[in-house]
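Per-chain numbering from 1; labels A, B, C and D assigned in written order.
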């Protein structure tokens, strides 16, 4: 799928195939959405949440950005894309779960570890992945044998912590109405690791 | 798919089904991604780009936020999620196409038209959808019979215009190395409308 | 409804049903008609204006021909069916609105795109749809992804333009006594799209 | 129904009412039309064929013009709206029946009897209803006690005769594949009169 013609061809396959089986579902979804799960994932082309969870239309409210990052609460009236989606998901859709999903070979994590030495991405990616600065320092200080992998996981911790800095998230979690989760996907082996909330450890999901 | 158990069950279906067929592809993608197409879509659970285009892993670099918005170029060293993804896609991945895809029944567009009167989303969504202010005014002045639909399309125009405000996007477009596209998905009928770049009109894609 | 017996049966249903409720209205209409709206629609059996607008008897003055076409003003004393109806509607009935309504899957538009290669309709349809020639060329040059759909809309533009070539139409429009409108009906989804006069874009009518 | 707002309201009633019951039929009709009956009727707002025959979408291919006239066969490569519809109906749709339906109080017939003395309709209606000249002369010579009514019927005879001047109509009729019919609708009493093909007399349809 390199050209727009191929993209459109993809849509035609969808129409003739998957859509044909789901036409009634789409018709019903035309009335509104009520997903229970919000997914915060990376923009990376290889870690597609709806594929990985075999989700049907209407099931996942999905935010995707570089390195699946959630910035901390910053109510300054300015433009905050992730925060907007979060506010909508928690306050309007009233989702029950938020999953932050990282993945192997993340370019944003790589940029964080490279420390801003790539001028091609110096204007926006470098400031954006500064959200990982503390996590990166922790990883480097820990003497990790695989800083890329460790920061992919540590960055998820950062996003989970930042999620709790939003008063409406904290309140819903405290009230038992919302749960926060972490996950990491190994592209090479198609393997999902799920964060154990009580140990903080990521565990390979058995099949 | 309401619970985390069901989400994990979805992953197991993926492992046993789609993944089993694509294991070799994932193994190869473990080495790196090289998508040609960037998709900027809404977080809405009902308009999943990889479904709609029947895309395989590795084919679409996907940003998703409320109302598929692209803010204008603002190089102030602060956090800019969409701009980061854009910079990465154009300067590192060197994608050939960027598609802004809207959809029917968009909650962000609804919020723009409601003019900020919903306190539940007043902290972040209201400022975020202020990106649509000019488009909304145009729509309301045009006497549109369906402002929701019209603003869904007009918002895509805004995002396309904002994309061109990024010097590296403008340069790639001028050099003929990058094309910008608009699309809109009718959830109820599963119907894709594609923006004709020369007329600006959205055309139903024939099947 | 395949036979004349069934057609007559239909009339008997009308007499016993709808007519019984509207007898007083028909009695009154026996005195004369004074519709405010003229509809120019296609002869296609699937896009019936009075159904689509739930119109009562006496409300719509309706012209129907292949592809809802209006030829340009040609005062040569010869036979001009659409022009006659137009003259009667504007000068005698003094309608306030003229709506040109196209629809999906239009056979006349198809014939225009096919370029006259069907001998079955070469004697009359081919010359008739030559009214669409300019619009067809515009559509093909625009690189439309769906020329059939685009020409259905573009043909409406042609008819609207041709309407204005009639001096008595132009005069009434200039005087603010007459308005011209465009509409398009999606048979498959029973969906009406209404032309926004200020933007030229067709908007799905919300229900 | 005087304004566009009311027209659109009518569409919304259709969507919520009749359409809701016929959605499956419309969906199927989206694939194509195959009506067996062509109706040639007047543009008059009070004689709506689909109402009078309680026809469902897809059942009637309908041409409407001033005074339900069919011009004679004139293969000169120029614009012929009725002939085009006829060619399409007979050669492509292969309809089995063509019904020419007149009605009471026809303005076109009135114009024919007035002999062209109304300048408001002198440019197009006067030449158009010259198709009725021979019939009008017959009526006037017959000393008819009600020339308006008589010419409404006589004009149907003219259209039926002209239909047979088209070689493809004549051929289909001779082959027994097509039948031509006449009908007349009394608006005031909602009464259908059906032409007896062997006597040429119009008979009130019993209910």
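In this section, contacts are C-beta pairs under 8 Å (C-beta built on N, C-alpha and C of every residue); 3 or more make two chains touch, one makes a residue touch a chain.
Just so we're clear, the structure is a prediction, and the values are computed from it rather than from any experiment.
Engineer: Which chains end up grouped together through touches if subunit C is skipped?
Structural biologist: A, B | D
Engineer: Using C-alpha centres only, name the chain that sits farthest from subunit B.
Structural biologist: D
Engineer: With centres defined as the mean C-alpha position, give me the subunit C-subunit D separation in Å.
Structural biologist: Their C-alpha centroids are separated by 15 Å.
Engineer: Distance-wise, how many Å sit between the C-alpha centres of subunit A and subunit C, to the nearest whole number?
Structural biologist: Going by mean C-alpha positions, subunit A sits 51 Å from subunit C.
Engineer: Residues of subunit B that touch two or more other chains: which are they?
Structural biologist: Residue numbers touching two or more other chains: 104, 145, 186, 188-189, 194, 205.
Engineer: In graph terms, nodes being chains and edges touches, is this line, ring, star, complete or other?
Structural biologist: Shape = line; chains linked end to end, path left open.
Engineer: Please list, in label order, each pair of chains that touches.
Structural biologist: The complete list of chain pairs in contact reads A-B, B-C, C-D.
Engineer: Under the stated contact criterion, what part of subunit B meets subunit C in this complex?
Structural biologist: Subunit B residues touching subunit C: 104, 141-146, 148-150, 153, 186, 188-189, 191, 194, 196-199, 201-206.
Engineer: Along subunit D, where are the residues that touch subunit C in the complex?
Structural biologist: 1-4, 7-8, 10-19, 22-23, 26-27, 29-30, 32-33, 35-37, 43-48, 50-66, 69, 71, 75, 77-89, 91-92, 96-97, 99, 104-105, 107-108, 118, 120-121, 123-125, 127-131, 179, 181, 186-190, 192, 194, 205, 207
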